[in-house]
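Each of the next two complexes has chain A plus one other chain: chain B in the first, chain C in the second.
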Partner chain A sequence: MKTIFYLLIFPGFLFSLTVGLLAGWLDRKLTARLQWRVGPPWYQNFMDILKLLGKETIVPEGSKLVFLLSPYLGLASVVLVTASLGRSIISPLDSFSGDLIVFLYLLIIPAIAVIIGASSSRNPLASVGASREMKLILAYELPLILCVIAVVLKCKGALQIGQVIQYQLLYGSIAFSLSGALAFIVAIFCIQAKLGIGLFDIAEADQEIMGGTLIEYSGLPLAIFKLTKAVMLYVLPVFIIVLFLGRDLTPIFIIAKYLMLLLIIILIKNTNPRLRIDQALKFFWRIPTVLAGIAVILASFGL
Partner chain B sequence: MDIRSKALTKSIWVFHMSVGSCNNCDIEILDCFTPRHDIERFGIQLIGSVRHADALLITGAMNKKAIVRMKKVYEQTAKPCVVVACGICACSQHMFRDSYNVGEPLDKILPVDLYIPGCPPKPEAIISGILQLVNKMKKGK
Partner chain C sequence: MSHKIIVPIGPYHPLQEEPEFFQLYVEGEKVVDIDIIIGYNHRGIEKLSESKHFDQVPFLVERICGICSSSHPYAYVLAVENILGGEFNIVPEKSLFIRTIIDELQRIHSHLLWLGLVGHFIGYNTVWMWAWKFREPVLDMFEMVTGNRNNYAMFKVGGVRRDIKDDDIPQIKKMLDELLPGIDLFHGAIMDDPIIKMRLKDVGRLTRQQAIEWAVVGPTARASGVNIDIRRDEPYGSSDRLDWKVIIEKDGDIFCKTVVRILELYESISLIRQCLDKMPKSGIIDADIKDIPVGEGIGRVEAPRGECFHYIVSDGTNRPLRHKIRSPSFMNVASDKVAAVGGTISDATLTLAAVDPCYCCTERVAVINKSDNSKIMNGWDLIKLSQDKTLKLKESYYGRSK
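== the complex of A and B ==
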């Protein structure tokens, strides 16, 4: 009973969805204000989702079952992350050992779901999008994992979110040490690529490959993909906050840190043009990977 | 009115299709999204894929070759989807009516929900037209 409540209502599905959709609105509104426009009202993203629920679902030729099921795969895995991450923030002793690795895996699954769904639709533009998404995963996953390794080394080999939080309670936030600061900066770029916004809006590129991976989706499955995006917009910054700024995890501080991180992401998104896929690959494998590697070396010396 | 059609009027995603226009109408449509007019405040967005569209914005004088493609695109949209004729060309074929390369007028081919006249229509006219359509949908459905 309790598990279902955690999964579906409080730190899980409903809560993360509401926060994610509101954060998505904040993104659109701030973007509009930065471009000297008025921007949509606060309930806009909820209306988008509601409208998509009322639309017809078109299923293209190809493997229909995979096409219809892959959105749920992505949503289910991020909801699992939100629920257990939320639980470990509320009571750090509840987390199980090794959950850091599980989270890293579960957070890749939405991108894989997008790739599977896009490939099963047999649309050439969707397959272009899918191949770009795949390259993007190869690009950002390595620095992100190196960042997490730096955190783990800093916490003396703790592979558990609860232990990471407790270490930071005792010795201060990891982002304020030398290796932590480097890893934190790299992680901010990695979560932007994971979200696929701004600089790294390469797989979906509305102006160029017409929605790319999502081109054949309509109605309910499209709504599920949009919800997955919204939940990701909530859970990724929180994940970064727990790893790097986890000293004060009272609600008010979490909200303040979340808003700050969101603001940084939105500002980076609005002041930079989109990269080409080869540029993104080069960018990730040159600067952030090297920085993250240095962070790992520094962390192993305890800096 | 139930919540779904209310949501539909609050969030209209537009797919823009040119059926042999002179390109001026298309430029004026893009103007609607600029800071001065900012049509996103009504929840209206320009999207890339027809599958996501709630409104098909058609410009141009029904070129015979493009009509076939336009029918295909209309069949590919997820219903409910409204059709908007933007510019006097799409409304009544304008001065190209007797031209050798234009086919039938738009409303003989697709069910048109809204006509926006003008050559090209001002962004203000497009916005006011779309808002009238929204009001009609609110009362009608």
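== the complex of A and C ==
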């Protein structure tokens, strides 16, 4: 019973969804203000989802089951992360050994779900989008994993979120060490690529491939993808906060840190054009991967 | 090994404001070939024009395109004035300056609009919104001078329809001044931002040779180093009496096209300023033309996108016997065939937009088989058709004039 509550209400599905949609609104509102527009009211994202739920679902020819199921795959995996991560923040001792690795895996699944869904729709634009998403995964996954390895080394080999939090309680936030700072900056870029916004809005790229991966989706499955995006917008910054700024995890500090990260992401999004996919690959492999590698080396020397 | 798939851009696509169809043949992300299919926006303007009298046609042709809605009427009145003996001979002094002011204001608003769209297409929506915000005062200026934000209804054969009031001139100058910081901002951003450079530099390159071979016009040609500008080559309005220069860039990529357009903004502002200074304080603005004699005339105007060409045949009645329009986009869009091939899809879409295509200008003719909606005429058929028509026209025209 308790597990279901954790998963579905707090800190799992409902809570993360609400926060994610509100964060999405903040993004839209700030973006609008930066662009001399008015922006939507706070409940706009909720209304969008509600509206999508009432729309007809059009399923293209092809593997219909895969097409319809892949959105749920993505949502389920991120909800799992939110529940588990939230539990770890509330009571660090409850986390299980190796959950960091599990989180890394679960956080790739939404992207993979998008690829599977897009490919099964047999749309040429969707397949271009899927191939871009795939390349993007190749680009950002390595630096992100290196960042996490740097954190793990810093915490003397702790593969458990609870231990990472406890280490930071004792010795201060990891982001304030040399290796931690490097890894933190890299991680900020990685989560933007994971979210697919701003510089890395490549797989959807409205003006190039008309929404790419999501082009054939409508109604409920599209709403599920949007929800996945919203939950990601909540869980990824929180994940980074726990890893790098985990010294003080009282609610007020978590909210402040979350808003700060969100603000950075929104500002980067609004002051940069979209990269081409080959440029994104080059960028990630040349700069963040090298920086993250340096962070790992520094962390292994305890810096 | 070849895995060609077709990526459709259009007929309805967020990249385009208007329906148009580009088929990109891609291998992975690389565009290997492109088909350009036009004919979705044909409205029969030329035919309509031949059923209106000479004074009505400017209102019709300025509705060809909402963006260059002074170039088309201007080219049309130039063509009619060509029959009458040339713009400089019949149009009052003051009207020449007013015409140039309208023409250059239109260039500013069109280039700013394009700049915003390019921002939008590279996913930089802040540039989009900001460019269009800075474009707003230009439309206000239009409203002040002509009474309309678009479709200005300013041009008539032998003059202009509205005078610029002396009281308005300081206000227009002030608004021009306020425009400069915005343009400086974009100039700086385009020149300095490394990521914008990454997206625009060496993309969609049209070499000088290709530009000449594909006969591109306007900023697209000037960005490739082709030194053409109708305002200088065949002066109209007051452009020969003002001090300005033609902006030329060498590389022909999208970055150069952007730079050319931004620098042209400065030139246009300077041109308007000079016009306001040199314009006679008083005087008539309309030559009061009543009859159009028999004859044929050509009008050429440097529209924001390039040479806008109008051809008029008059048989002495009050309606044009033939009205032929060739808009700049018709020439520029075809050059995508070389410029967009070889890059990725992201580059290709940007290249398609970089010539500042205006499809409602482009559409002149579409011949469709009603039963299966297929096109039944190819290029040679059309040339044959037009030759036949010219022959017929000549017979009727010279037959009657004799």
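Throughout what follows, the second predicted complex is superposed on the first by the 303 of 303 C-alpha atoms of A that agree within 3 Å, B and C clash if a C-alpha of one lies under 4 Å from a C-alpha of the other, contacts with A are read in each partner's own complex, and residues count from 1 in each chain.
By definition in this document, a contact is a pair of C-beta atoms (placed from the backbone, for glycine too) under 8 Å apart; a residue touches a chain by one contact, two chains touch by 3 or more.
Note that this is a predicted model, so its numbers are computed, not measured.
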Note to self: Between chain B and chain C, whom does A:M47 touch in the aligned arrangement: first, second, both, or neither?
What the structure shows: first
Exercise for the section: Kindly classify A:V128 by the partners it touches after superposition: chain B alone (first), chain C alone (second), both, or neither? Expected result: second
Q) Can A:L170 be said to touch chain B (first), chain C (second), both, or neither? A) neither
**Asked** Is A:G219 touching the first partner chain B, the second partner chain C, both, or neither of them?
**Response** first
Check: Touch check for A:L34: first (chain B), second (chain C), both, or neither?
Finding: second
Checklist line | First, second, both or neither for A:M210, with chain B first and chain C second | finding: both
The shared contact residues of chain A with chain B and chain C are 35-37, 206-207, 209-210
Residue positions on chain B within touch of chain A in the complex are 3-5, 7-8, 10-11, 35, 38, 40-43, 47-49, 51-52, 54, 76, 78-80
Listed in rising order, chain C residues that touch chain A in their complex are 5-8, 13-15, 26, 28-29, 119-130, 133, 195-196, 198-199, 344-347, 349
In the complex, the residues of chain A that touch chain B are 28, 32, 35-41, 43-44, 47-48, 50-51, 53-58, 206-207, 209-211, 214-219, 222
Seen from chain A, its contact residues with chain C in the complex are 31, 34-37, 124-125, 127-128, 131-132, 198-199, 201-202, 205-210, 270-279
